[in-house]
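You will see subunit A twice below: alongside subunit B first, and alongside subunit C after that.
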Partner chain A sequence: MGKREVLERRLRVVEREYGVSLFCGIEPMEESRDEESRDIGRMAQERHQSHRFRPKKVRPRDRRAENDMQSERAPKRRSGRRDRPLTRRPGLRGFAIFFGPLFAFYAVFYFFSFLFLIRTSFQDVSLSLRNAIDIGWTNYRLLIEDPRFLDALKNNFVFAGASILAAMTIGFFMAVGLWAGVRGRAFFYAAFLLPSLMPIALVASVFRTMLEARFGAVNEFLRNVGLEALAQRWLVDPDLAYGVIIIMFVYLIGLPLLYYTSNLALINTSVLESAVLDGAGPVRIMYGMLYPLMKNTHKTVTLSTVLISFRAFDIVFFSTGGGPAGATQITGTYVYNFTTSGTNVGFASAAAVVVLLISLVVSAVQLRIYRQAGADQ
Partner chain B sequence: MATVALDNVTKIYTGDTPSVANVSLTIGNGEFLALLGPSGCGKSTLLRMIAGLETVTSGELIINDRPVSGVHPRDRNIAMVFQNYALYPHMTIRENMEYPLKLQKVEKKSRNLKVEEVASLLEIREELDRKPDSLSGGQRQRVAMGRALVREPAVFLMDEPLSNLDARLRIQMRTEIVVLQRKLGITTVYVTHDQVEAMTMADRIVVINKGRVQQIGPPTEIYGWPANLFVAGFMGSPPMNFLQPEQSSRGVRMNGRKTAAPGHPDSRHVVVGIRPEDIHLGQADPDELSLHGTVAAVETLGAETLCHIATDVTVLTVEAGEVIPAAPGRNMLVVRMPGYRVDLQDKPVRLRADRNAVRFFDAESGRAMHLDSEDQFGPDMKGGLGLRRFKQVNDDRDGASLDGRPTGRQPQEKGNSK
Partner chain C sequence: MKLRQLLMALLALTLFAAACGDGDSAEQPATTEAAVATTEAAEEPVATTVAAEEPPTTSAPEEEPAEPVTLQFWTWFPPEATMERVIADFEAKNPDIRIELTLFESTAYQDRLPLALSSGDSIDVAAVQTSTMVNVVRSYLDPLPPLFDQHASAALADGIAPAALSQARLLAEDSEIYIAPLGFLGSAAAYYNVDLLDELGIDVPRTRSDLMAMVEAVESQRPDLLPISFTGANWFLDEIVLTVTEQISPGFFNSVRYDAGGSWNSPTFAAAFEAVTSAFEDGIFSLDVLDLDYGRPIEIFQQGGAVMFLQGTWESGILSAPFRAANGIEMDNVTASPLPLLVENGSPSIRAFIEVGLAVPSHSEHKAEAVRFIEYMTSGDGVDAWVTDLFAAPARVGYSVPQDVFTTELAASGFAELLAVLSDPGSDRNNVSDFSAVAGDAVIDTIISGTPVAEQVEFLQSEWESGRYSNVG
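Take a look at the complex of A and B:
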């Protein structure tokens, strides 16, 4: 049986099953056709020709009548199936066009990168990525023994901790104040939300310029008001630089503020009114009612801040660059510095894998908490 | 226990339109008063002003002879049950109930005793160590009441506490609240938009519309002698039938028979009101009101039947304070009949209504005419329309409630109608 014959037979089956002719431009094969199929083919061609050359505007009522006629002509369909217009379902091609770019992007930038990262983490390889030598778990062993990596990891958690503390105290009180309608709401929103909306690299660069020892705005101001003794080498002294990074993390509490503000809007005010009637004052309402009622938001803020701290490369890189002497190094800058040094990319890959695993664990905990919160509600 | 007095209390949020306007009333010691009205009428605002959750724009609020308009809510010795119960979700039921006592710095031992006592009263002892989310609607409602009761408040405020419950539980809780209130004798102000709740629970009802008090009185008086067209139309389900009589120099007539209150000047336009249950099948006696029509629709409710009867008489509807004749062909009277009467469908019927059951309203002001007659002839003579008999029944009720407990009503606020 030839290809053409197979195709024609399939088209006949489609027409019989669905009442739809797909004999568009296919000349039926005279020699292999029986009487019935000849009739079907001719009818289909006629129908196609009439639609092609004599387009007729169908009014709704006529269309209904035509549908009725079609339903009489067409064989019985499966029950529950709606009459569909003569359009084709999206096939594999449509699916590929729609999702293809996404898959390609994902495959190159995530899947390949991830595999490449894991592969190189077990190799001793330079930045040229040539002459790689498999060295097993050596990179990981060296990484765990490297005090600078452990310091960077510790810094990550310290900065995250400071950020969490600021979010759950300053952020929370600010959010309550804004929710309660404190004066100058617009100013406070702008002051705390705008930095979170701006590129962090820009914010960090501005901080660095302001804190520059000789001509920075902060020291200039201190000198001008007679407080020269307070003018410090902010980004050179390791302790002060450490403090500067913490202040920057605290400054970027816009996101937690948003979390708190949006969740405060959902609080049942009757609960607070009830507490007022029971005799609770503002302070007690704050820590006895609002704070525990925001339990799930605290969890979200905590975990998202920890995750953000692992991605806070730009805060440190554009302000202190991880210095002085690695005092403000975090895992992001640590990996970057090792990669660009080009000596052993495999080692930097191992560090990146470890950071990734820690982030995944935090994300998993966060997801679990979200689900739990959803179930509670 | 306490008395609560409101003297010309007004609340204006923005602009000139008051949400609550010049409300004056006194709530007696141990009285159960219901604030009843449609959504947005200002009843909850009034309750919140008593609670201290809203400030009073003008007027004075007095609890136990002490002006409290400027007093903090916690110092008013009141407790409130909210529509959504407002339980503290992060605390157990025990912690919820003892919270007000804790804030009053009551000793732990005394707190526990009090919580156990109230929990036993409300039958929620088993639930004391659970969290609010694990309780049913009815149990949460009890906990909310329990939290209010442990404080032994002078005044109990309830803001639609049953509206979140299903119909069956609502009926059960309705009874429980009434029994509890009578047992404890706490002065209670209860806000509701459900007239059945107000009718069944309250010693007196305050009907409010657009921030203004329409009528104050015992349920039977509110239902039987509505002070104006709003009250007459709002109370009762289905509401009162409003009819337009024939009015001429010969007086006010319905189907050719002279009607309307004695002493009423015939020149004024009158609206006749008859409750669906006061219209009966049958030939009218000479002193009864006669109507006729055809049964257009029958609604069977089990024990009774509602018949919608197409009639020649002009039926009126009251919308936004205006009396509007029904559209042509829509002159439908609603009649409530006992039993199962599907046999009446499409049948022509003759109807009669006792003159004592007929109410008259001024079409322009909406005010009930018996109030004018009362002014004219004294309180015992509301137009001679059977009021004497009605008052006698009410006086018997005023003397003692069904369980023999003095009701403590203070019926000095009469009418305050528009």
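Take a look at the complex of A and C:
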């Protein structure tokens, strides 16, 4: 069965379910119509049985509309001008009109920038971009030899790992809880989604102020309630500062929460009903059924979180500034510091190119997994 | 038939839309300009236009007054309030010139200026950050001495101190002078809340043991206070270490910076490094300052939460009564000194350098007027207008700061002490910012992790020679 037939079949199912016409741009496949009708009938029957589906009463006007729609869908004898389809496949011009602006935008802001970065990464050049000297791979050699850059790269993956762990445990648990209709659902949604919607720079700056050792609100509170022993130099001790950054990544799990919530909404509840009837408890349902059912979401969450960690410049920059002594530096802050405080733009470009290439590899893996998941479905 | 009707309706709609479009077209440019202005305002940290009021129009002008030339002036310093005052004074004295000021935040300006100059933005006077920035943008600037000879009332060398001009020349690889500096800045300096010192019964500390005594007095009498407030940012810790190297051996930084035989793994630098890190160990400096960013220590000091405050001489405005009044600072009994000696057998010192260099871009169409404005700002009456903020020691030949900006003897004598070291600095404060961050991180690492000083100085020397930083090229 070709892709086109699969697509057409899916659209037919949606049409039947929701009573809308989706075939304005696709010519029906005459030869597969009978087979398709049988499939749709079988699927509807299965759905009816599994969901104890009761067809709703159809009012005369609705019935008339349905008949009209069905008559539209029925194969027509086509001859002359009238039989030409109302819409055609988009030609090259249509394609250009539709995608042209997008390609132009990408060409200017992405491809040009990327090529510019690659070019300058092989040069010794200042911000004025004049008098550039080609120096081959020197910038890349200097970059790879810099332990600070390698530490920053490692931090990217560690922070991403912590985020993934948090998303797949706390995020998943929260999503299931909210989906199951826990009390105060709206409040919890707001509490967990709001930080993701707020400017991260603001959140990070507030964290920084709150965590100041001597004047921060957290330590002030601990001292006031007699827990002075717990008051720490949160942003001075490298281990604690590392923990603070991880907590901030965890605090921003709104996006994974959304992924899980949207996937949970698509789960066939009849499967869960069957499990309940068979005596499965909430824990069993959660970890024995829901967790494996969402394996594709786990992949999406994993890869998107890794990518987000490469763009988490503001989290680190506005909270610890990459400190203390570079302990929480990530590639974003590394590149920024060299760009703003140094004069060798070529070196900063080389760092940016390496980060970009790593991100592209992660994106490619993500796309491959998506495709594989689509094929599995 | 239906198709024809549909086409007719579409045609009518198109014509109607076109007619509406024409009607709106007169307003369109204004709306667009407003949108652009709003966007720019949102993007720039501060983008202010300061201009004199339009000359009043007369009912029957017999002779049209010449349209004043508008100069585009880009800078990041001095602060907006100061610049407004300076520009108003300049425009009053030069009615044929108007100044349109665009003021940026420092880091944003460093990124923006090279790009603006390379893309030919309309700039007539550009303030240039010293150190490496001069070389970055010099190919877009005109050398100043010929311009001054042509358009100013006096030669550049007649108005600006020789030391300032030689530093300006040092910054350009081709040894030309592209900038006229406003003044000298130095780091690190110390500021004191005199009322708190009096309350504790101690004098301005001069040595390490004085500092220790002050900290002990604070801990015993006013434990709510932070004895010494300063930012723990890596670059400033590097400033402190380098100041101590100058206390030990004046000229040390120059010997490394200008490849004159100095090195970071030398005993002098190691001793200074040890003196600063051990000050944290001994409790002279509190570990609590390490998480304070630039603004917090100033706030703490100005609000009376700290006895002493360390920063560069660009924060000397706190000694000035007009500056305090303009910025709502309530404390009024302040003094200053060079950084107290953190080593034995040292002498007070500082690293100082010219700052805020004014330059004329090659593509400016108003070079004559631009030179007049630069002359006014660097060696003319403009110095009187901005000097009250005390952010820099003026580079104008033979200039002395008016004493009426100080309300106390101690404030005046403190500033005089700073001027004394600024006029005879140990080394140039010609920083290598990217390396400075690494050096400061090494200091922090030793303070919090105990990494041996010997290991750190060897690491810094190898980094200096790595070719990654701005000291190369």
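The definition used in the following text is that the second predicted complex is superposed on the first by the 268 of 377 C-alpha atoms of A that agree within 3 Å, B and C clash if a C-alpha of one lies under 4 Å from a C-alpha of the other, contacts with A are read in each partner's own complex, and residues count from 1 in each chain.
One rule holds for everything that comes next: a residue touches a chain if its C-beta (ideal position, glycine included) is under 8 Å from a C-beta of that chain, and two chains touch if they have at least 3 such contacts.
Here the structure is a predicted model, which means the values were calculated and not measured.
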| item | value |
| --- | --- |
| Partners on subunit A (subunit B, subunit C) - clash or fit | fit |
| Between subunit B and subunit C, more extensive residue contact with subunit A | C |
| First (subunit B), second (subunit C), both or neither touched by A:D239 | neither |
| Which superposed partner A:L211 touches (first subunit B, second subunit C, both, neither) | second |
| Subunit B versus subunit C as contact partner of A:E228, first or second or both or neither | neither |
| Touching partner for A:F347 - first (subunit B), second (subunit C), both, neither | second |
| First, second, both or neither for A:D278, with subunit B first and subunit C second | first |
| Subunit B versus subunit C as contact partner of A:P292, first or second or both or neither | first |
| Touching partner for A:L127 - first (subunit B), second (subunit C), both, neither | second |
| Where subunit B and subunit C come nearest after superposition, their Cα distance in Å | 36 |
| Shared subunit A surface residues [contacts with subunit B and with subunit C] | none |
| Footprint of subunit A on subunit B - complex, ascending | 51-53, 73-74, 78-80, 82-84, 86-90, 99-100, 103-104, 133, 147, 151 |
| Interface residues, subunit A side, partner subunit C - complex | 124, 126-131, 138, 142, 145-146, 148, 208, 211-215, 233-238, 321, 323-326, 337-344, 347 |
| Subunit A partner contacts - residues on subunit C that touch it in the complex | 107, 110-111, 114-115, 117-118, 132, 135-137, 139-140, 226, 232-234, 286-288, 290-293, 296, 300, 433-434, 436-438, 441-442, 444-445, 448-449, 466-470, 472-473 |
| Residues on subunit A engaged by subunit B in the complex (per definition of touch) | 268, 270-271, 273-280, 284, 289, 292-293, 295, 376 |
